[in-house]
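Okay, so here's the structure we're looking at.
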Amino acid sequence: MPSSMGTALRVTVFGQSHSPAVGCVVEGLPAGMRVDLEALAAFVARRAPGNDPWGTPRREPDAPRIVSGLNPNGETCGAPLAAIIENTNTRSGDYGNILSVPRPGHADFAAWAKWHGAQDVPGGGHFSGRLTGPLCVAGGLALQWLEGRGVRVAAHVAELAGIEDEPLEALDNSPAANARLAGQMDALADGRRMPAIDASAGERMVEAVMSARSQRDTLGGIVECAATGVPAGTGSPMFDGIENVLARALFGIPSVKGVEFGRGFAAARLRGTQNNDPYEVRDGRCVPATNNAGGILGGITTGAPLLVRCAFKPISSVMVDQPSVDLTRMEPATLRVHGRHDTTAVIRAVPVVEAVCALGIADALLAWPADPQ
Amino acid sequence: MPSSMGTALRVTVFGQSHSPAVGCVVEGLPAGMRVDLEALAAFVARRAPGNDPWGTPRREPDAPRIVSGLNPNGETCGAPLAAIIENTNTRSGDYGNILSVPRPGHADFAAWAKWHGAQDVPGGGHFSGRLTGPLCVAGGLALQWLEGRGVRVAAHVAELAGIEDEPLEALDNSPAANARLAGQMDALADGRRMPAIDASAGERMVEAVMSARSQRDTLGGIVECAATGVPAGTGSPMFDGIENVLARALFGIPSVKGVEFGRGFAAARLRGTQNNDPYEVRDGRCVPATNNAGGILGGITTGAPLLVRCAFKPISSVMVDQPSVDLTRMEPATLRVHGRHDTTAVIRAVPVVEAVCALGIADALLAWPADPQ
Amino acid sequence: MPSSMGTALRVTVFGQSHSPAVGCVVEGLPAGMRVDLEALAAFVARRAPGNDPWGTPRREPDAPRIVSGLNPNGETCGAPLAAIIENTNTRSGDYGNILSVPRPGHADFAAWAKWHGAQDVPGGGHFSGRLTGPLCVAGGLALQWLEGRGVRVAAHVAELAGIEDEPLEALDNSPAANARLAGQMDALADGRRMPAIDASAGERMVEAVMSARSQRDTLGGIVECAATGVPAGTGSPMFDGIENVLARALFGIPSVKGVEFGRGFAAARLRGTQNNDPYEVRDGRCVPATNNAGGILGGITTGAPLLVRCAFKPISSVMVDQPSVDLTRMEPATLRVHGRHDTTAVIRAVPVVEAVCALGIADALLAWPADPQ
Amino acid sequence: MPSSMGTALRVTVFGQSHSPAVGCVVEGLPAGMRVDLEALAAFVARRAPGNDPWGTPRREPDAPRIVSGLNPNGETCGAPLAAIIENTNTRSGDYGNILSVPRPGHADFAAWAKWHGAQDVPGGGHFSGRLTGPLCVAGGLALQWLEGRGVRVAAHVAELAGIEDEPLEALDNSPAANARLAGQMDALADGRRMPAIDASAGERMVEAVMSARSQRDTLGGIVECAATGVPAGTGSPMFDGIENVLARALFGIPSVKGVEFGRGFAAARLRGTQNNDPYEVRDGRCVPATNNAGGILGGITTGAPLLVRCAFKPISSVMVDQPSVDLTRMEPATLRVHGRHDTTAVIRAVPVVEAVCALGIADALLAWPADPQ
């Protein structure tokens, strides 16, 4: 179903921007996992709006209430875990003529064409970025399970307004590169406001955001995510490989228009002798020496870090007049989006990408692990 | 399941490079469709090896035998359609030490890690490009069904060895651009050996391939695919949108490492005012004037052409010595790949991308059409 | 996933007997359906406990709160509909030693074996009859959609303590039988306390229940359900036929141990000449004259009424000492169940069977309708 | 999809009675299992027609050709296993007017209503009992895997023409009953022509079949199946429990109209004190002393034998005139079925029920095992 994903670990997301609540149901979490509710709330808070000068002033506590799936000891009990986030701070009045005039770049028109006017329009309905809240709840639970298995996931803003952050050290698989990657992951976990590895790049990104905001315009960017500790042999051939599962999931985040693994599009310009990752023996095990493949061959992990990059288009809600159409009269109309909006999706999207990658990786570990020997 | 995909139109692909046969089962084809077996064979032949100086000399007739799913009139009958392609021309001897020494860039090592040595090694087993044959059978059937609905799908080699073809005219949605795109699609349908729009670019690509081949090296590239005639309102929010479905499917083609829609990664550097597609009234209907979105917003079609690009890494089978590991002794080993191999995947991949896109689009039209009004 | 079902109309049920809430997410409801919340509450109330002398004294308002899936006009909007029922009246103290001593006939021991003690024990956890509340919410929505398509669903207690109700007139398909069946459905819709067609049989059933209750024992029984108005050609061959879908769903209701369609087990003693339903022309259409098949052949509807019967075992919570095992000490133990329990499941199960049948039929109509002509 | 089933072990069945071939694809067989092709052929041969005086004279070698999924050592390799059975002995001429006149009791009319005449009519098309051949191939593979896990599956004709066989000793779970059940399973494995435990009951069944055959009539019956060795804690709550999975699968066998587990419908007439299975300690483990539940509570196994019974309606192809309708003229018509047909399905269905149960149980063990401790 459209709002569900996963084979052995399945998440179903519900809610609309202005419905009474948003939430998720997570099926397949292994029983007996103690859930750290504080850590979960802290993770979810990373995507919450209202914390930063460049974001929407809408303040959402986003505190998830878990209404099922735990036993009296606070452990997962094998039954579906449901979490609810109440929508307390909705202001439908702001959305004026978008009820009949679709906002360029938003899903308004596509949803109208699909549901012939029955779609829930205010705030983007089910297409709203608000739905990434429950995704983070589900992903935060997956992260806790992964942590117990030695898997670590971290993302950063790799590019914003043309400004590039230091890349994650994941295209190499040498011990030195692995150590540098671990250091980058540590650094990103320190709670910095702008999730960039290079603080000075981060500052320039903030400036670019403030500048675009002052021009009533918006920005796109790239989020890069790495995962370490996923054992070799996880995943599947063909259509349920790690790349397939993650790509399907990542394109479910609003504004994502491109996904690449390892060298990705850059590999298209390489030769085989440049792009192949040779194998070597390390600690008695076979490992790829380099990691142009981003840790995945034939859909299955090689044991090297997973590396994925997602392109986000600029947020659609620009504050200038845009040509559109009044769908009730089928006449040209000019639209000016009001309301409270972010200038860029990529900053708040960083934990969302981590959440979605965690869900996909946990699902692969549960559904498509290496066969027992 | 890993080797299956689709919600309402489901394809299951089976076979290994050197198994007795490869094939597919297609479930969900609407009943009563007359299958043009000749057109199907012609489509499948476009990816068959052995036709060109740059390809593997392995000749595979690839003639599919349909063993179920048709009624005596040659129409689909509602039951699963199964097609078999016999493997007549296999030469296991060529694969020598790859049984214990994984080829860099191939899935050999990942499969060994997953199945602990039980995987079928010769020729790449289930990971072989040979499996794109049955995919083309299934996709060729989907293309016939789409044609009856006014949907057209065409791909080309957009880039090879850094040489770019003329892009498909699909980022604009003006009547003039639509007409130019139709002309490009006509041109690509003329059976040209090198599927490039610009014949001179195509010639330079061939030269680059021959040059890399003489250096025992291989090349990556980019395949671009457009589809027209998909009605607005097709698809779904979140995880079963057109992008999700196509991305999951396209990453199932061997060597694909990146997928982007519309402006894709380039959109990450644009501002909202540049990237938003305004709406206008045309023939009494609302249409996007431009098409930076590649025809998809919120996972749902806008009525503008679909546009997707796939990055292919260079083929892994380079003909030079490569460092690897003997997995039975867990010792370093040097590998030289023998056998018959293509120099690049992107040329033969063009019909495969068309096939996979056709399968995804047909599935979306059947599973997630606009609601009936 | 275990707690989800459906292909095009998917319901996911969450909650435990004593978790903060129970609820469901319904995906795939066609957009634009106005939901009658009052009718929904009335339907759900039919299964609510505490209304009758023979039931548990636990009073649950069971008023579902719909938190997503509706647009401001109260119509389905295409997004998942989520409904929450708060658990306000839980008394964990009643469940004493069942935490370590499994109740015979309950799922306690099986759940302990599966989840090694992490399962949520009090009140039966996710296995509780309480979870049929959200099922009725989902099924009540399906019933409203079906009503708009001319489909009617009605069930009754066909047998309880050996006392048989008048059977539904659905094994015949004559116009007279169809009229009598419609009359039976009207009668059952009048809100009678005991859902039996024959009031005197119903009275005797009540007496039998009160008698068993006074003996601290419990009773099983049979619920029979018919559906009219499902067009011929709905459903699928093999594993997604109407029988497959309904059987899978009905065995999800606690205590169901048998499911049969049409003549069911009795057909095993008939000859072909007795059991075949001949065809005749009626109003210019081909119809089966009789309906031993229960409206389904090859998994696909014939246009005659659907008829299904479900056997419910007696409720496990008898109020007498039973031999069991203390799982923490792995020693024999005697268990006496306390708490508030029904004497039989079949009375409250009547709307649950209607709900589950409605979900299955609506799913079949959406996922496996007759092909468009 | 209708012709597929399974979560972790998925079988897709293709073919029609008179299509070039029938077959199956099995996905999810654990890698490294050596397939005993001879044992597989012997199992499949048990359902093959033409061996007995009461059966259809159609002789089908039914030798499956495995075309993928094995490595050069004859072991499963992790890729989908596909098997083909060629249809060599088809005689379409026998089916005369059934092309326009549906046979009472067959799926002809329902299929016509669904596919508007595009269905494959001869021999029943995809609804033919012929499709149970590939099911037996898939189930035979599952049986080999289960055998390696200590799971045993055996079925018999429990009732035919009102004649009852000795029941399987599975409603008790005492060591003595377990031993008797093992003995019954041994006896049924001896290759007897009539799969009944009590040879004299078997002889009377044969006589009843020959008698009905001489009267051009057909018979229904009941097949009972038990499985031992399934560890406690296998399965799932709600909709993916053992009962749900098996019921969905068993209703996919042509002619099945009822399915019950343990006491089944008889439990509806018992009291809780009679039907509950008390627990006791045996060999340091908790086990149910009796087995009225048929080894399943809350969808999850208790460790006691699984017990399921399936009601088969009489075969529809009676050799006498039957009223029907000519669908092309929509006029009454008289139909006499010609061709070669069985007198009862239940004898040949015995290995089919074993196959389907094996597939369901293997799937549950792979998809829904007890959580790792």
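As written, the chain order gives the labels A, B, C and D, with residue 1 at the start of each chain.
Please note the rule applied: a contact is a pair of C-beta atoms (placed from the backbone, for glycine too) under 8 Å apart; a residue touches a chain by one contact, two chains touch by 3 or more.
Note that the structure is predicted; figures quoted are calculated from it, not measured.
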| item | value |
| --- | --- |
| Any chain that touches chain B and chain A | C, D |
| Most distant chain from chain A, judged by the mean position of its C-alpha atoms | D |
| Whole-Å gap separating chain A and chain C, where each centre is the average of the chain's CA atoms | 39 |
| Chain C-chain D separation of Cα centroids, rounded to whole Å | 26 |
| Approximate Å spacing (C-alpha centroids) for the pair chain B, chain C | 46 |
| Where chain C touches two or more other chains, by residue | 1-4, 13, 31-32, 78-79, 111, 114-116, 118, 126, 237, 371 |
| Residues of chain C defined as touching chain D within the complex | 1-5, 13, 102, 104-107, 109-116, 118, 126-127, 131, 159, 161-162, 212, 217-222, 231-241, 243-245, 247-249, 251-252, 254, 256-265, 267-281, 284-286, 288-289, 292-294, 296-303, 311-318, 320, 322-325, 327, 330-332, 368, 370-371, 373 |
| Chain B to chain D touching residues, read off their complex | 1-4, 10, 12-16, 19-23, 25, 27-28, 31-32, 65-72, 75-82, 84, 92, 111, 114-122, 125-126 |
| Chain B residues within the chain C interface of the complex | 8, 30-32, 78-79, 237, 367, 371 |
